[in-house]
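Below: one structure in structure tokens.
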């Protein structure tokens, strides 16, 4: 059945495998095409090819979406619902909404005039359709969601340190470099670029006292700003250890079957 | 009672929730206003609005402070003390001091002439008033305080490596780039910027031998300087795991009730 | 026997130790020579020396390869196979293939005209020959291979965030800086340089709104992009703890005997 | 006794505390003085002050060294040795060697002509004298020494990735930017600066293919190069947990008594 071909990722038949791998390839090709199409030289040269490819993929994604909605009634979790209720519930689920968001604007764009740049952004979001096939992805997102609270706490600390650092540097360097440290708002750019250790070098303290304060800010701040990432990584390690058997089998399955 | 409206964060009534959320919004708006006000173009254009907003918030924060001091006698931990002793003890506590520090300079500024820039810095510190509402914050700070010793050890190592790196590069690059490596003091800026991996690029070794030594310094130093952050992150993961039930319930409460 | 001299790393005789250490020194000298030879000033000045050294090392590596293939039949794991089958199996093994790859192109280069630059790259790969002697290396690679799945998941998230960031910045900064943000393809360079916190500073957002979005992207993205490394480090810690006795003894042996 | 004043860090008398804190202050002041003295403007202005201070501290450090050697016979670990043997053993120990190294060159400098720059470097090394007082420092170093093997393995991987990255970029960018990618040797600077995520921006790939390869190198390499630091941090967390009681009490003691 269609359901087995599209949604079942265990004990897939050869045809199901081919369909799934083709869809994955289509998603990836789509995103790569979007990236290259945004380059105006390629855009003009291969205008027809890009348009045809987009129309074909859009058609396939529409059919895919329709079939998924159609056959979702066969899913185990919707067994106790009437077909129409099951479909409404499926349409409201995360994966189905992603599918809809990544096709709807393009159907609308056939009738209305929509800004090309924002359309491109939505096409890039098609990458999220991969969550259908790569179950590891889902687990990843759910873990982040679960740790959102402690991450939020760490991020608040981060925002606080960045704001204080920006205020301090504004007071010290503001008179010498009014262009870049002339207000706390302007200093924030230096503060974020420095605290995340990106350090472009477009804004740099120049006064001795500015360099001294920046040194202290860096030594203390850089570590604290790296905390959320470190905490997330540590929690992931733990989460992975706990879920090991569960996760391993799921990823193995997801990799072997769909990806 | 006033105490229940302001300080109790469990089983809040609707009015208590509205008051708390309003105060949180006021704090955040205040800091954002300070950031924008420091931008001179906004400052001049919306001078009246900024002044009125500051006066209103200052009044509210003063009333809030007064009420908190007034009703602190109802707090469980001050039950055994006489009202006046309880109030003195409360005024000396961390959260109350933060409240006082963020309003006192502005009351003084009405009578005396205080530098606008330092006032701005103090207004940004109002962010710390959020510790009233967001209990996760408190726990965060207490954990860092607890691990201060091992962090201090790691920071000493960090300072040592940075100083040695600066001395080495001063010896090697000092003659070629006297402006930036002319003394150990000057080399310290390069050393800190490099070791924290910020790497602005405003100071860079240019001689082959300088690059070679810088390479070795980077490969060894970068890892060691990242240690405090890594240790802190690892310890946090552990701390969180230990406190899990305790912390989760507290944050849940803090988030659900106050934030 | 030859086998004992080359392949056995426990209870080595003095001669075996000398041979192994000489081979390790030869590999390291070879790679250092390649690095210096690529510098055209050294290349021209010491042309004869470099050529003679390369010919001598090539000869030694060829003899080494021949001897290893010859005496592999004495290895425990090939005991049940006939000599010819054992040798074919050995030639197909990872370490033997590395040995072959790092000598074959140079033998071919004696007869055919091969681009010097790609030959240099292959000579650098001779570093991989160290896996013969340094068993810790092997374990390292096998651990990464084992965790490849969760790393892949984290890397997919990384690629997704980088692509979204590039698309966003292309929309915002594209019109102001067409040279560097003119297409998603061009923006990707900024995105990767920023998210990995390398931050060269050759491409930087200049519009206020571009800086604002870049700030948000950095604060969220930098942590998520650092996840794979953090996860890998956490897993390594765990892996090392589990294997401790096993690994320690192996490394100790490898270090004491061969390296 | 002298031994109790200098070496015993438990149950110190008030005089012992004053002596130890004075010595710690002297060491720190010494290093700060060295840093400022290297700045030629300060050097010339306060020449007499710097010289007098250096002579006084040198005298104190010499007396300190003499007294430590003299009274080391009272140490528990040397109880079974004859006084002369105990003193020879003490002179050969790590802390005593550091003490000697940081005073000997200055005594020699009184008679011979020694380069001022290298003397400065040795004076900065006086920071290491703090190991007398801050026991946490010792533990820190011993942990790194203990994990040196797995760190070496990770560092070998790091060196390998950096070399391969440099070779690849030399092949791709070498013709376009001969100044900075003209040889593998030159490319190594870019490679190290990039892989450690310092990213000065003084050397940047400019060709599209160069940027593509650099992108791939960054995404893979940055994580692997951060491994040693991550592993060390993870191992530290573990080590600290294991030693908790032991370490805590030692640091507490060291902090309370000496530092």
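Residue numbering begins at 1 within each chain, and the chains themselves are lettered A, B, C and D in the order written.
As a working rule, a contact is a pair of C-beta atoms (placed from the backbone, for glycine too) under 8 Å apart; a residue touches a chain by one contact, two chains touch by 3 or more.
All figures in this text were calculated on a predicted structure; none of them were measured in a lab.
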Any chain in contact with chain A as well as chain D: B, C
Superposition of chain A upon chain C: rotation angle, C-alpha, nearest 5 degrees: 90
Chain whose Cα centroid lies at the greatest distance from that of chain B: C
Same vs different contact residues, chain B with chain D, by half of numbers used: different
Chain C and chain D, separation of their C-alpha mean positions in angstrom: 30
Of all residues in chain C, the ones touching two or more other chains: 188, 197-201, 226, 229-230, 233-234, 237
Chain A - residues contacting chain D, complex: 197-201
Chain D residues within the chain C interface of the complex: 149-150, 152-154, 156-157, 160, 163-164, 166-168, 170-171, 174, 182-186, 188, 194, 197-201, 204, 211, 215, 218-219, 222-224, 226-227, 229-231, 233-235, 237-238
Residue ranges of chain A in contact with chain C within the complex: 31, 34-36, 38-40, 117-118, 120-121, 124-125, 127-128, 130, 134, 136-137, 139-140, 155, 158-159, 188-189, 192-193, 196-202, 226, 228-230, 232-234, 236-237, 240-241, 247-248, 251-252, 255
